[in-house]
Amino acid sequence: MPFVKILVTREGVTREQKRQLIKGVTDVITNVLNKDPHLTHIAIEEVDTDNWGYAGEQTSILREQGLTADKK
Amino acid sequence: MPFVKILVTREGVTREQKRQLIKGVTDVITNVLNKDPHLTHIAIEEVDTDNWGYAGEQTSILREQGLTADKK
Amino acid sequence: MPFVKILVTREGVTREQKRQLIKGVTDVITNVLNKDPHLTHIAIEEVDTDNWGYAGEQTSILREQGLTADKK
Amino acid sequence: MPFVKILVTREGVTREQKRQLIKGVTDVITNVLNKDPHLTHIAIEEVDTDNWGYAGEQTSILREQGLTADKK
Amino acid sequence: MPFVKILVTREGVTREQKRQLIKGVTDVITNVLNKDPHLTHIAIEEVDTDNWGYAGEQTSILREQGLTADKK
Amino acid sequence: MPFVKILVTREGVTREQKRQLIKGVTDVITNVLNKDPHLTHIAIEEVDTDNWGYAGEQTSILREQGLTADKK
(Lines give C-alpha, C1' and ligand atoms only; values in the text may rest on other atoms or scores of the structure.)
Protein backbone atom coordinates (compact mmCIF):
# COMPACT_ATOMS: atom_id res chain seq x y z
CA MET A 1 0.00 0.00 0.00
CA PRO A 2 2.61 2.53 -1.01
CA PHE A 3 2.01 6.24 -1.29
CA VAL A 4 4.52 8.50 -3.01
CA LYS A 5 4.78 12.27 -2.89
CA ILE A 6 6.96 13.92 -5.51
CA LEU A 7 7.91 17.56 -4.99
CA VAL A 8 9.31 19.43 -7.96
CA THR A 9 9.71 23.09 -8.79
CA ARG A 10 6.88 24.50 -10.90
CA GLU A 11 8.83 25.13 -14.07
CA GLY A 12 6.70 23.98 -16.94
CA VAL A 13 6.33 20.29 -16.17
CA THR A 14 4.01 19.05 -18.91
CA ARG A 15 1.00 16.76 -18.55
CA GLU A 16 2.92 14.11 -20.49
CA GLN A 17 5.93 14.37 -18.17
CA LYS A 18 3.63 13.97 -15.17
CA ARG A 19 2.17 10.89 -16.82
CA GLN A 20 5.64 9.46 -17.32
CA LEU A 21 6.58 10.20 -13.70
CA ILE A 22 3.45 8.43 -12.46
CA LYS A 23 3.96 5.45 -14.77
CA GLY A 24 7.67 5.16 -14.13
CA VAL A 25 7.61 5.53 -10.36
CA THR A 26 4.68 3.13 -10.03
CA ASP A 27 6.55 0.57 -12.11
CA VAL A 28 9.67 0.85 -9.95
CA ILE A 29 7.74 0.51 -6.70
CA THR A 30 5.46 -2.32 -7.75
CA ASN A 31 8.36 -4.23 -9.32
CA VAL A 32 10.86 -3.82 -6.49
CA LEU A 33 8.31 -4.49 -3.75
CA ASN A 34 6.02 -6.80 -5.73
CA LYS A 35 3.02 -4.61 -4.84
CA ASP A 36 -0.38 -4.43 -6.49
CA PRO A 37 -0.45 -1.19 -8.54
CA HIS A 38 -4.08 -0.68 -7.49
CA LEU A 39 -2.81 0.01 -4.00
CA THR A 40 -0.20 2.50 -5.16
CA HIS A 41 -1.02 6.22 -5.20
CA ILE A 42 1.25 9.08 -6.25
CA ALA A 43 0.81 12.83 -5.79
CA ILE A 44 2.98 15.40 -7.55
CA GLU A 45 3.34 18.74 -5.79
CA GLU A 46 4.64 21.61 -7.89
CA VAL A 47 6.38 24.27 -5.82
CA ASP A 48 6.85 27.84 -7.03
CA THR A 49 10.53 28.74 -7.43
CA ASP A 50 9.95 31.54 -4.89
CA ASN A 51 8.93 28.83 -2.42
CA TRP A 52 11.80 26.40 -2.91
CA GLY A 53 15.06 26.99 -1.12
CA TYR A 54 18.42 25.46 -1.94
CA ALA A 55 21.60 26.21 -0.05
CA GLY A 56 19.79 29.01 1.77
CA GLU A 57 18.58 30.86 -1.34
CA GLN A 58 15.32 31.03 -3.27
CA THR A 59 15.38 28.98 -6.44
CA SER A 60 13.83 31.89 -8.34
CA ILE A 61 16.89 33.99 -7.48
CA LEU A 62 19.26 31.14 -8.33
CA ARG A 63 17.54 30.87 -11.71
CA GLU A 64 18.00 34.62 -12.31
CA GLN A 65 21.68 34.04 -11.56
CA GLY A 66 21.79 31.37 -14.24
CA LEU A 67 21.85 28.30 -12.01
CA THR A 68 19.75 25.47 -13.40
CA ALA A 69 18.91 22.04 -12.04
CA ASP A 70 19.41 20.46 -15.45
CA LYS A 71 21.32 17.27 -15.83
CA LYS A 72 24.91 18.03 -16.87
CA MET B 1 -0.49 18.01 19.47
CA PRO B 2 -1.80 16.28 16.40
CA PHE B 3 -1.34 17.57 12.88
CA VAL B 4 -3.30 16.10 9.99
CA LYS B 5 -2.70 16.46 6.27
CA ILE B 6 -5.53 15.46 3.96
CA LEU B 7 -4.74 15.05 0.27
CA VAL B 8 -7.67 14.92 -2.13
CA THR B 9 -8.02 15.42 -5.84
CA ARG B 10 -9.07 18.94 -6.84
CA GLU B 11 -12.51 18.12 -8.15
CA GLY B 12 -14.85 20.78 -6.85
CA VAL B 13 -14.58 20.26 -3.10
CA THR B 14 -16.76 23.01 -1.66
CA ARG B 15 -15.97 25.34 1.22
CA GLU B 16 -18.72 23.64 3.23
CA GLN B 17 -17.25 20.18 2.56
CA LYS B 18 -13.85 21.40 3.71
CA ARG B 19 -15.48 22.73 6.85
CA GLN B 20 -17.10 19.36 7.48
CA LEU B 21 -13.79 17.56 6.90
CA ILE B 22 -12.03 19.84 9.38
CA LYS B 23 -14.80 19.52 11.97
CA GLY B 24 -15.24 15.78 11.55
CA VAL B 25 -11.57 14.81 11.55
CA THR B 26 -10.83 17.07 14.53
CA ASP B 27 -13.70 15.45 16.44
CA VAL B 28 -12.41 11.95 15.72
CA ILE B 29 -8.87 12.77 16.76
CA THR B 30 -9.68 14.73 19.88
CA ASN B 31 -12.23 12.11 21.00
CA VAL B 32 -10.13 9.02 20.33
CA LEU B 33 -6.94 10.49 21.77
CA ASN B 34 -8.55 12.84 24.32
CA LYS B 35 -6.59 15.78 22.88
CA ASP B 36 -7.23 19.49 23.27
CA PRO B 37 -8.69 20.71 19.93
CA HIS B 38 -6.65 23.92 20.29
CA LEU B 39 -3.55 21.83 19.67
CA THR B 40 -5.00 20.13 16.59
CA HIS B 41 -4.26 21.56 13.16
CA ILE B 42 -5.44 20.22 9.79
CA ALA B 43 -4.33 21.14 6.29
CA ILE B 44 -6.20 20.06 3.16
CA GLU B 45 -4.11 19.79 -0.01
CA GLU B 46 -6.04 19.67 -3.27
CA VAL B 47 -4.12 17.89 -6.02
CA ASP B 48 -4.88 18.41 -9.72
CA THR B 49 -6.09 15.22 -11.38
CA ASP B 50 -3.11 15.50 -13.76
CA ASN B 51 -0.88 15.28 -10.67
CA TRP B 52 -2.50 12.29 -8.94
CA GLY B 53 -1.56 8.81 -10.03
CA TYR B 54 -3.45 5.64 -9.31
CA ALA B 55 -2.38 2.22 -10.53
CA GLY B 56 0.24 3.87 -12.72
CA GLU B 57 -2.12 6.22 -14.55
CA GLN B 58 -3.07 9.90 -14.23
CA THR B 59 -6.41 10.40 -12.53
CA SER B 60 -7.38 12.91 -15.24
CA ILE B 61 -7.05 10.14 -17.82
CA LEU B 62 -8.92 7.66 -15.61
CA ARG B 63 -11.73 10.22 -15.31
CA GLU B 64 -11.86 10.61 -19.11
CA GLN B 65 -12.21 6.83 -19.25
CA GLY B 66 -15.19 7.03 -16.91
CA LEU B 67 -13.52 5.81 -13.72
CA THR B 68 -14.70 7.71 -10.68
CA ALA B 69 -13.70 7.52 -7.03
CA ASP B 70 -17.33 7.74 -5.92
CA LYS B 71 -18.66 5.49 -3.23
CA LYS B 72 -20.45 2.55 -4.80
CA MET C 1 -8.48 9.06 -3.96
CA PRO C 2 -7.73 10.61 -0.63
CA PHE C 3 -4.60 10.05 1.41
CA VAL C 4 -4.39 11.17 5.02
CA LYS C 5 -1.32 11.54 7.22
CA ILE C 6 -1.92 11.86 10.96
CA LEU C 7 0.99 13.01 13.10
CA VAL C 8 0.71 12.50 16.84
CA THR C 9 3.19 12.42 19.66
CA ARG C 10 4.36 8.92 20.61
CA GLU C 11 2.75 8.73 24.02
CA GLY C 12 1.20 5.32 24.34
CA VAL C 13 -1.36 5.37 21.54
CA THR C 14 -2.85 1.89 21.64
CA ARG C 15 -3.54 -0.43 18.73
CA GLU C 16 -7.26 -0.01 19.40
CA GLN C 17 -7.00 3.79 19.36
CA LYS C 18 -5.19 3.61 16.03
CA ARG C 19 -7.96 1.41 14.71
CA GLN C 20 -10.54 3.94 15.83
CA LEU C 21 -8.60 6.79 14.23
CA ILE C 22 -8.41 4.89 10.94
CA LYS C 23 -12.09 3.93 11.04
CA GLY C 24 -13.31 7.35 12.14
CA VAL C 25 -11.25 9.45 9.76
CA THR C 26 -12.06 7.18 6.81
CA ASP C 27 -15.76 7.49 7.63
CA VAL C 28 -15.59 11.28 7.75
CA ILE C 29 -13.73 11.53 4.46
CA THR C 30 -15.75 9.01 2.52
CA ASN C 31 -19.03 10.46 3.82
CA VAL C 32 -18.23 14.13 3.28
CA LEU C 33 -16.67 13.60 -0.14
CA ASN C 34 -18.69 10.53 -1.16
CA LYS C 35 -15.48 8.61 -1.88
CA ASP C 36 -14.92 4.89 -2.22
CA PRO C 37 -13.17 3.72 0.99
CA HIS C 38 -11.05 1.35 -1.10
CA LEU C 39 -9.32 4.40 -2.51
CA THR C 40 -8.70 5.95 0.92
CA HIS C 41 -5.38 5.32 2.67
CA ILE C 42 -4.28 6.65 6.06
CA ALA C 43 -0.86 6.63 7.69
CA ILE C 44 -0.29 7.45 11.35
CA GLU C 45 3.14 8.82 12.22
CA GLU C 46 4.11 8.74 15.88
CA VAL C 47 6.65 11.40 16.78
CA ASP C 48 8.87 11.16 19.87
CA THR C 49 8.18 13.99 22.33
CA ASP C 50 11.84 15.02 21.94
CA ASN C 51 11.10 15.53 18.24
CA TRP C 52 7.89 17.56 18.51
CA GLY C 53 8.11 21.27 19.13
CA TYR C 54 5.34 23.53 20.35
CA ALA C 55 5.75 27.23 20.96
CA GLY C 56 9.50 26.85 20.49
CA GLU C 57 9.99 24.11 23.10
CA GLN C 58 10.36 20.34 23.01
CA THR C 59 7.19 18.53 24.03
CA SER C 60 9.24 16.23 26.28
CA ILE C 61 10.31 19.28 28.28
CA LEU C 62 6.78 20.68 28.34
CA ARG C 63 5.59 17.32 29.68
CA GLU C 64 8.24 17.43 32.44
CA GLN C 65 6.86 20.87 33.30
CA GLY C 66 3.40 19.39 33.65
CA LEU C 67 1.89 20.65 30.40
CA THR C 68 -0.36 18.08 28.77
CA ALA C 69 -2.29 18.09 25.51
CA ASP C 70 -5.31 16.53 27.17
CA LYS C 71 -8.76 17.82 26.46
CA LYS C 72 -9.82 20.18 29.22
CA MET D 1 20.86 15.90 3.90
CA PRO D 2 18.01 17.74 5.52
CA PHE D 3 14.73 18.56 3.84
CA VAL D 4 12.29 20.99 5.41
CA LYS D 5 8.64 21.57 4.58
CA ILE D 6 7.04 24.74 5.95
CA LEU D 7 3.26 24.98 5.84
CA VAL D 8 1.72 28.42 6.34
CA THR D 9 -1.65 29.92 5.58
CA ARG D 10 -1.78 31.78 2.27
CA GLU D 11 -2.23 35.26 3.66
CA GLY D 12 0.01 37.54 1.70
CA VAL D 13 3.44 36.11 2.49
CA THR D 14 5.78 38.22 0.39
CA ARG D 15 8.65 37.05 -1.78
CA GLU D 16 11.07 38.76 0.63
CA GLN D 17 9.52 36.98 3.64
CA LYS D 18 9.89 33.65 1.85
CA ARG D 19 13.52 34.51 1.18
CA GLN D 20 14.05 35.26 4.87
CA LEU D 21 12.35 32.01 5.89
CA ILE D 22 14.58 30.02 3.54
CA LYS D 23 17.74 31.82 4.65
CA GLY D 24 16.89 31.72 8.35
CA VAL D 25 15.78 28.10 8.54
CA THR D 26 18.76 26.92 6.45
CA ASP D 27 21.11 28.79 8.79
CA VAL D 28 19.56 27.19 11.89
CA ILE D 29 19.72 23.69 10.45
CA THR D 30 23.21 23.89 9.00
CA ASN D 31 24.57 25.51 12.16
CA VAL D 32 22.91 23.20 14.69
CA LEU D 33 23.66 20.03 12.72
CA ASN D 34 26.86 21.22 11.01
CA LYS D 35 25.41 20.30 7.61
CA ASP D 36 26.49 21.43 4.16
CA PRO D 37 23.88 23.98 2.96
CA HIS D 38 24.16 22.51 -0.55
CA LEU D 39 22.43 19.41 0.78
CA THR D 40 19.63 21.36 2.45
CA HIS D 41 16.37 21.92 0.59
CA ILE D 42 13.28 23.78 1.83
CA ALA D 43 9.77 23.92 0.38
CA ILE D 44 7.14 26.38 1.53
CA GLU D 45 3.53 25.30 1.06
CA GLU D 46 0.91 28.04 1.27
CA VAL D 47 -2.48 26.72 2.35
CA ASP D 48 -5.73 28.60 1.66
CA THR D 49 -7.47 29.67 4.87
CA ASP D 50 -10.47 27.60 3.74
CA ASN D 51 -8.17 24.57 3.79
CA TRP D 52 -6.53 25.08 7.19
CA GLY D 53 -8.34 23.90 10.26
CA TYR D 54 -7.62 24.93 13.83
CA ALA D 55 -9.56 23.69 16.83
CA GLY D 56 -12.10 22.14 14.47
CA GLU D 57 -12.87 25.30 12.49
CA GLN D 58 -11.76 26.73 9.15
CA THR D 59 -9.19 29.48 9.51
CA SER D 60 -11.13 31.59 7.02
CA ILE D 61 -14.09 31.57 9.40
CA LEU D 62 -11.86 32.26 12.40
CA ARG D 63 -10.44 35.25 10.51
CA GLU D 64 -13.97 36.55 9.82
CA GLN D 65 -14.57 36.26 13.56
CA GLY D 66 -11.54 38.42 14.20
CA LEU D 67 -9.13 35.73 15.33
CA THR D 68 -5.61 36.29 14.02
CA ALA D 69 -2.44 34.25 14.35
CA ASP D 70 -0.37 37.38 14.97
CA LYS D 71 2.21 37.47 17.69
CA LYS D 72 0.78 39.13 20.77
CA MET E 1 15.45 20.07 -7.19
CA PRO E 2 13.05 17.22 -6.63
CA PHE E 3 12.34 15.62 -3.30
CA VAL E 4 10.48 12.33 -3.08
CA LYS E 5 8.86 10.71 -0.06
CA ILE E 6 7.93 7.04 -0.37
CA LEU E 7 5.64 5.58 2.28
CA VAL E 8 5.43 1.80 2.50
CA THR E 9 4.26 -0.59 5.14
CA ARG E 10 7.05 -1.96 7.35
CA GLU E 11 6.93 -5.54 6.20
CA GLY E 12 10.49 -6.67 5.74
CA VAL E 13 11.70 -4.32 3.02
CA THR E 14 15.36 -5.24 2.62
CA ARG E 15 18.32 -2.91 2.36
CA GLU E 16 18.79 -4.04 -1.25
CA GLN E 17 15.14 -3.29 -2.10
CA LYS E 18 15.52 0.19 -0.63
CA ARG E 19 18.62 0.66 -2.77
CA GLN E 20 16.68 -0.38 -5.85
CA LEU E 21 13.80 1.97 -4.97
CA ILE E 22 16.22 4.88 -4.55
CA LYS E 23 18.08 4.08 -7.76
CA GLY E 24 14.95 3.39 -9.81
CA VAL E 25 12.93 6.40 -8.68
CA THR E 26 15.90 8.75 -9.07
CA ASP E 27 16.43 7.45 -12.61
CA VAL E 28 12.77 8.02 -13.53
CA ILE E 29 12.74 11.54 -12.14
CA THR E 30 16.06 12.69 -13.52
CA ASN E 31 15.29 11.19 -16.95
CA VAL E 32 11.72 12.47 -17.29
CA LEU E 33 12.52 15.93 -15.96
CA ASN E 34 16.17 16.10 -17.11
CA LYS E 35 17.26 16.96 -13.55
CA ASP E 36 20.69 16.72 -11.99
CA PRO E 37 20.67 13.66 -9.70
CA HIS E 38 22.77 15.59 -7.18
CA LEU E 39 19.71 17.74 -6.53
CA THR E 40 17.39 14.78 -6.06
CA HIS E 41 16.73 13.46 -2.56
CA ILE E 42 14.50 10.54 -1.58
CA ALA E 43 13.26 9.46 1.84
CA ILE E 44 11.58 6.13 2.50
CA GLU E 45 9.19 6.03 5.46
CA GLU E 46 8.25 2.58 6.73
CA VAL E 47 4.87 2.54 8.47
CA ASP E 48 3.86 -0.18 10.93
CA THR E 49 0.89 -2.18 9.69
CA ASP E 50 -0.98 -1.07 12.84
CA ASN E 51 -0.51 2.49 11.64
CA TRP E 52 -1.61 2.10 8.02
CA GLY E 53 -5.29 2.19 7.20
CA TYR E 54 -6.92 0.97 4.03
CA ALA E 55 -10.66 1.08 3.40
CA GLY E 56 -11.20 2.01 7.04
CA GLU E 57 -9.29 -0.92 8.54
CA GLN E 58 -5.82 -1.43 9.97
CA THR E 59 -3.50 -3.21 7.58
CA SER E 60 -2.34 -5.48 10.41
CA ILE E 61 -5.90 -6.75 10.74
CA LEU E 62 -6.30 -7.07 6.98
CA ARG E 63 -3.10 -9.15 6.93
CA GLU E 64 -4.49 -11.42 9.68
CA GLN E 65 -7.53 -11.86 7.46
CA GLY E 66 -5.30 -12.98 4.63
CA LEU E 67 -5.39 -9.83 2.51
CA THR E 68 -2.04 -9.03 0.98
CA ALA E 69 -0.86 -6.14 -1.16
CA ASP E 70 1.07 -8.47 -3.43
CA LYS E 71 0.92 -8.08 -7.15
CA LYS E 72 -1.58 -10.51 -8.60
CA MET F 1 -0.66 28.69 12.11
CA PRO F 2 2.54 27.30 10.70
CA PHE F 3 3.56 23.66 10.80
CA VAL F 4 7.11 22.61 9.99
CA LYS F 5 8.44 19.14 9.19
CA ILE F 6 12.20 18.68 9.35
CA LEU F 7 13.65 15.52 7.82
CA VAL F 8 17.21 14.63 8.74
CA THR F 9 19.23 11.45 8.56
CA ARG F 10 19.32 9.48 11.79
CA GLU F 11 22.97 9.96 12.62
CA GLY F 12 23.17 10.73 16.30
CA VAL F 13 21.20 13.97 16.52
CA THR F 14 21.17 14.73 20.25
CA ARG F 15 18.24 15.84 22.36
CA GLU F 16 19.93 19.22 22.80
CA GLN F 17 20.37 19.64 19.04
CA LYS F 18 16.70 18.86 18.52
CA ARG F 19 15.86 21.47 21.14
CA GLN F 20 17.99 24.01 19.30
CA LEU F 21 16.36 23.14 15.98
CA ILE F 22 12.90 23.60 17.47
CA LYS F 23 13.82 26.86 19.18
CA GLY F 24 15.71 28.27 16.22
CA VAL F 25 13.20 27.39 13.52
CA THR F 26 10.28 28.62 15.62
CA ASP F 27 12.08 31.92 16.18
CA VAL F 28 12.71 32.38 12.45
CA ILE F 29 9.13 31.63 11.52
CA THR F 30 7.43 33.66 14.20
CA ASN F 31 9.77 36.62 13.60
CA VAL F 32 9.58 36.67 9.81
CA LEU F 33 5.83 36.08 9.67
CA ASN F 34 4.93 37.76 12.99
CA LYS F 35 3.11 34.61 14.11
CA ASP F 36 2.08 33.55 17.60
CA PRO F 37 4.51 30.78 18.68
CA HIS F 38 1.61 28.99 20.36
CA LEU F 39 0.26 28.27 16.89
CA THR F 40 3.57 26.95 15.59
CA HIS F 41 4.28 23.21 15.67
CA ILE F 42 7.41 21.42 14.47
CA ALA F 43 8.04 17.73 13.93
CA ILE F 44 11.49 16.27 13.34
CA GLU F 45 11.62 13.02 11.37
CA GLU F 46 14.84 11.05 11.59
CA VAL F 47 15.42 8.85 8.55
CA ASP F 48 17.75 5.83 8.61
CA THR F 49 20.68 6.24 6.24
CA ASP F 50 19.49 3.09 4.43
CA ASN F 51 16.24 4.97 3.74
CA TRP F 52 17.65 8.25 2.46
CA GLY F 53 18.72 8.50 -1.14
CA TYR F 54 20.95 11.13 -2.65
CA ALA F 55 21.96 11.21 -6.29
CA GLY F 56 20.47 7.77 -6.74
CA GLU F 57 22.42 6.07 -3.94
CA GLN F 58 21.69 5.10 -0.34
CA THR F 59 23.24 7.48 2.17
CA SER F 60 24.50 4.50 4.18
CA ILE F 61 26.57 3.43 1.18
CA LEU F 62 27.76 6.98 0.55
CA ARG F 63 28.88 7.14 4.19
CA GLU F 64 30.80 3.87 3.78
CA GLN F 65 32.49 5.50 0.80
CA GLY F 66 33.53 8.40 2.99
CA LEU F 67 31.04 10.99 1.78
CA THR F 68 29.70 13.13 4.62
CA ALA F 69 27.11 15.88 4.69
CA ASP F 70 29.25 17.99 6.99
CA LYS F 71 29.70 21.66 6.38
CA LYS F 72 32.98 22.25 4.57
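Think of it as A, B, C, D, E and F in the order they're written, each chain with its own count starting at 1.
By definition in this document, a residue touches a chain if its C-beta (ideal position, glycine included) is under 8 Å from a C-beta of that chain, and two chains touch if they have at least 3 such contacts.
The UniProt protein names, listed by chain, are A, B, C, D, E, F = Tautomerase.
Bear in mind that the values here come from a model prediction, so they are computed numbers and not experimental data.
Engineer: Which chains are shared contacts of chain D and chain F?
Structural biologist: A chain counts here if it touches both chain D and chain F, which gives B, E.
Engineer: Thinking of A-C, which of B-F, B-C or D-F forms a repeat of its interface, with over half the contact pairs identical?
Structural biologist: When the residue numbers line up for over half the pairs, the pair is B-F.
Engineer: Can you compute the centre-to-centre distance for chain D and chain E, using the mean CA position of each chain? Integer Å is fine.
Structural biologist: 27
Engineer: Can you check how far apart chain E and chain F are, centre to centre, with Cα atoms defining each centre and the answer in Å?
Structural biologist: Distance between chain centres: 21 Å.
Engineer: In chain E, what residues contact two or more other chains?
Structural biologist: Touching at least two other chains: 1, 3, 7, 21, 25, 30, 37, 39, 41, 43, 45, 52, 54.
Engineer: Looking at which chains touch which, would you call it a line, ring, star, complete or other?
Structural biologist: Graph shape here is other: it fits none of the named patterns.
Engineer: Which part of chain D faces chain E closely enough to touch in the complex?
Structural biologist: It is residues 1, 3, 39, 41, 43 of chain D that touch chain E.
Engineer: Sort out for me which residues of chain A touch chain B in the complex.
Structural biologist: Of all residues in chain A, those touching chain B are 15, 18-19, 21-23, 25-27, 30, 37-38, 40-46.
Engineer: Quick check on the complex: what are the chain F residues that touch chain D?
Structural biologist: Residues 1-9, 13, 17, 20-21, 24-25, 28-37, 39, 52, 54, 59, 69-72.
Engineer: Can you check the complex and tell me which residues of chain E touch chain C?
Structural biologist: Where chain E meets chain C, its residues are 7, 45, 47, 50-58, 60-61.
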